[in-house]
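Dropping a structure here in structure tokens format, bear with me for questions.
The first chain written gets the first letter, and so on, giving A, B, C and D; residue counts start at 1 in each chain.
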Amino acid sequence: MLKAAIVGATGYTGWELVSILLCHPKVRPFYLTSDSFAGRSFAEIYPQFRGRCELILEKLDEEKAGACDIIFAALPHGTSLEVVPGLLATGKKVVDLSGDFRLKDAALYPLWYGYEHKHPALLAESVYGLPEQNRAAVSKARLVANPGCYPTSVQLPLIPLLQAGLVETEDIIIDAKSGVSGAGRTPKQPYHFPECAENFKAYKVTGHQHTPEIEQGLSEAAGRQVTLLFTPHLVPMIRGILSTMYLRLKPGVKVEDITALYRKVYADEPFIRLLPEPYLPETKDVSGTNFCDLAFRVDGRTGRLIVVSAIDNLVKGAAGQAVQNMNIMLDLPETAGLM
Amino acid sequence: MLKAAIVGATGYTGWELVSILLCHPKVRPFYLTSDSFAGRSFAEIYPQFRGRCELILEKLDEEKAGACDIIFAALPHGTSLEVVPGLLATGKKVVDLSGDFRLKDAALYPLWYGYEHKHPALLAESVYGLPEQNRAAVSKARLVANPGCYPTSVQLPLIPLLQAGLVETEDIIIDAKSGVSGAGRTPKQPYHFPECAENFKAYKVTGHQHTPEIEQGLSEAAGRQVTLLFTPHLVPMIRGILSTMYLRLKPGVKVEDITALYRKVYADEPFIRLLPEPYLPETKDVSGTNFCDLAFRVDGRTGRLIVVSAIDNLVKGAAGQAVQNMNIMLDLPETAGLM
Amino acid sequence: MLKAAIVGATGYTGWELVSILLCHPKVRPFYLTSDSFAGRSFAEIYPQFRGRCELILEKLDEEKAGACDIIFAALPHGTSLEVVPGLLATGKKVVDLSGDFRLKDAALYPLWYGYEHKHPALLAESVYGLPEQNRAAVSKARLVANPGCYPTSVQLPLIPLLQAGLVETEDIIIDAKSGVSGAGRTPKQPYHFPECAENFKAYKVTGHQHTPEIEQGLSEAAGRQVTLLFTPHLVPMIRGILSTMYLRLKPGVKVEDITALYRKVYADEPFIRLLPEPYLPETKDVSGTNFCDLAFRVDGRTGRLIVVSAIDNLVKGAAGQAVQNMNIMLDLPETAGLM
Amino acid sequence: MLKAAIVGATGYTGWELVSILLCHPKVRPFYLTSDSFAGRSFAEIYPQFRGRCELILEKLDEEKAGACDIIFAALPHGTSLEVVPGLLATGKKVVDLSGDFRLKDAALYPLWYGYEHKHPALLAESVYGLPEQNRAAVSKARLVANPGCYPTSVQLPLIPLLQAGLVETEDIIIDAKSGVSGAGRTPKQPYHFPECAENFKAYKVTGHQHTPEIEQGLSEAAGRQVTLLFTPHLVPMIRGILSTMYLRLKPGVKVEDITALYRKVYADEPFIRLLPEPYLPETKDVSGTNFCDLAFRVDGRTGRLIVVSAIDNLVKGAAGQAVQNMNIMLDLPETAGLM
């Protein structure tokens, strides 16, 4: 068995990584770090793992991480930036689940993340880990920047449309909705059960840090700058993201063209499911899985294309995709541990 | 005390009507009808009313309804169409909560509701009961068509913008989200708790029957035909609607213009609350109330205007607004029983 | 209008007090204090009150509290102990919603609350505010100790049984379940939405501080020491308590005796509803109300009596009962503002 | 790969069986039957299985079921009774998930299930499939009666206590709480989301059909008739059962005795986890797993023993335990597909 280090194992993405790797046929969680809970067992923090993962959490020791075959960094934005260079120095491959190495343009970090990026060379080197697009690059990468949850749910359905030139690059509107685990494990007022249950709201309207990440992916696909509107919302459920995307078809493009394109691009992708009419994605259908479900409709009245996608924010939107990347980086079957 | 008849009292809107009227200073629920539960007490169907409303449900007898001072019809679409003419024949005023008398153009009914409208004269006569727009007409109406839940959440924020000509009439996109009570009280698979909790989905994409109702209101406001895209979603919560609306500002229009407009139009409206920055509407803040909360943002990057509104679908989106209309029709203080 | 001071207005019980008093015909919230949010408006903390209660929160000034007609202390256990003597010194009547003045035996505080009680004279003087039992004493009280949520749900059904001697005082078992608002408004890990939704658990087994409060009430009713077992549980819902109580009937006692007793004792109580067969209490039937619903069954096989009660933990279990006590103390109709 | 037939595949237990077997290393779902959905694909009914299980549902054909290596009957009570004899006639082993073959005393069926049992010989032959107790008998059984969800959660913790004689057989009280999936997949009013969310209630007080099943198991363990009180409750969550059990210790029995017993009996059981102080079972810790978590406390004040257990009602309480039984019956590793 290969050994995995998870740096920052006690957040929800670290927890989901452990959960997935415990069922992986070739890799096992071996070294788990936590600043806050060092010295305690992982199962003490997450009692569902009693008898299944009794590893003791430790403060990060780069040497120990480097003794593993793969290193996952599941740290908050800003912290990863500090830690990842040291992890790479061990000579082992790193999958980083934060946003710190996703944006190629370092100038975007002060605007959207509120800090100056100190490692532009790593930004240049890092591979954006959307396997359905970047499989080859991921397989050779030393550092994979694992995509954000919202960006995954948006790019998987939209990149093919933009690459094929079936839609206009103007006027793209993305209305996305996420379960509460997307806000992390630290208790805060808006996620306190009595505030959050029986409530629905938009947040960070016009200002969410996943906006430039989505634009980067779509711009590359379109071959020109895409500027779009992205509005996230909070749903009173634990897991899941549903994104509703509004686009304009290029003149002459028909329903059949889109169907044909998706079939061509995604027929052999194990984790992408195009739903036939009359079905529409629902978050419960992808909960606990690495699937991205998608469907689309063309509105005859306005000529608009509506695309809907659903993922589990913690799986295809984080830990599952990280394991998918790991499988590619370690030359394992891409679906290992994910089906 | 004035007497109210509620025809179809055991659906969720009938239930909410009873609930509101029990606290009304001038009107009390007096005659409740139900086909399915005739002969049983209202409190037997809704035990929270034990000791508060023990009226016996009856099969509809028009004469008894006509003996009341106001008649509410809280019936399914299609059924109201059959029943309302007889209610009007009693000579009493009727507030109809279905969609059957909302659309002025009878030709829209086959397309969106699936039936031929048999009473075009009543369509012409009925007054669309959005008090913030039609107060004067409501006060004289014999038949008020109480607006739909989604249309209320959309028209209250958008009509002023279109009337004032601050926004383009093209390219309006409405992404709306509703709690499950909007689907009614009859148990069905999609609303069975284990299917519906921990799930989020879009439904009736491009085909929801509230689309033409919204377009009718916005077209009248704009003075020209508005065709828009409306996508409803189902939220795992009991009550509440949040609508996120995407519009394009007319050239030269600024944030201040919109603020000024809303202040002018809505400053004296008791049920409309414009939230200042940095606040955004949340459904829990209007739950159980007749308020419509609204806020907006202008996205500097795309030039788009985003408007967000929240209402309680059963109150301002149904029974509360019906009582507001009743207050106007009976010349009572408009906020009576609603504060 | 009479004026109410609420000391500690931003916790959930303070919030519910404001909510109830805003609809009260004779008393209005006038002076609200908060340590953490002094200087901000109440509506800023609880946006649902925008336009309805824009009072500015202040640090407690006893003189200002004393200028009101009634003072509510809605503070955490231990804090109330410090604050209430000063409030009483203003000469105004005080309803204290904490546990600090509920137990007559000061020696119980170190054991169950973890502190030495410094004001035994106030313990002796305070009146336990269960109006259905202590109406006369409440009407003359200077200090009312408003009962705990669990104790209210247990004592209302059990005190009459013990007073009448229909049940044994041994072997009483109480299995109680509460919504999450009972844990207060401060965010903590166990009440973080993703930890708390889709979860059910027992907590503080054998050690909950409401145990001696329940025993005190039942012992007084029985005329002898009652020692019982009380086990609370956390339900993934916002509001509501349901208590399932297991007792042993005294020899010869029949179903009819219990029905007759409850009818005699509670027929005229406006907030107690005895449900006939086959109905059983459900928390949603009392949600947002000051009702206590109760029902019982006798198990022929084991001879046990099972009593089930439901209340809204924030209303009859806290703020509603506090207002009921206030009504009595100020010689207002007992149901004012509560129906 | 061995082949499994699932008769009645579209209820929640059938669905969970498919879900578990899809990950099983030695057995795959092969033949799925449904009366209501015959002719449609399983993935059409449960879209989360798109691309993972596209089997077509068929009306039951005993010959086809008999061509599989194991047959699961996941049918409603009463229906199984009719169907199982024919399944056994194929010569294949059957795991029945209904209550129809669990009670050894046929006379109990009219009382608790409302029908006369027509196959007393099968009652005599069937093996009660609680592997932790009946492993050897299960391995040789032709017909296994898979235990009920509540009875599993109760018997696993209590049988060892009764076998060892550490507790009295009198006065056992069980207060159990279940998620809504326990009520099955058919939509009904009490499980309609708006009725069921934000609600908690007891149901079938003194009359739940799992009572005699629990008594049968405990009586056998005690070597004498045990009559107990069992009260189920409905929790607004999808999955999970938590049972709180109240017992009386025999004189002289100490905390250490119970700990020692549980350790002895369950140390090597892969699916039983005894939680050390201060931990208590929570349903989320066993959700999606075949674990039964358990903990206990002795109340010094009343001398009572409180035992708390948690299982996933659909896994250890139904499909997971059925697969565990299948593993034993087919001589596969007992934990195969369950870890």
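Just so it is clear, contacts are C-beta pairs under 8 Å (C-beta built on N, C-alpha and C of every residue); 3 or more make two chains touch, one makes a residue touch a chain.
Bear in mind that the values here come from a model prediction, so they are computed numbers and not experimental data.
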Just to be sure I understand the contacts, which chains border both subunit C and subunit B? A, D
Match interface B-C to one of A-B, C-D or A-D, accepting only the pair for which over half of the contact pairs are the same residue numbers. A-D
Hey, how far is the Cα centre of subunit C from the one of subunit D, in Å? 39
Please work out the Cα centroid separation of subunit A and subunit C, and write it as a whole number of Å. 46
Indicate the residues of subunit C shared as contacts by at least two other chains. 179, 197-198, 236-238, 282, 284, 287
Going by the contact rule at the top, pick out the subunit D residues touching subunit A in the complex. 23, 47-48, 50-52, 197-198, 273, 275, 279, 282, 284-289, 291, 293, 339
Per the contact definition, I'd like the list of subunit A residues that touch subunit C in the complex. 12, 179-181, 185-189, 191-194, 196-198, 236-238
Given the complex, residues on subunit A that touch subunit B span 171, 173, 175, 177, 179, 195, 197-203, 205-206, 227-229, 231, 233, 235-240, 242, 244, 246, 280-284, 287, 297-302, 304, 306, 308, 310
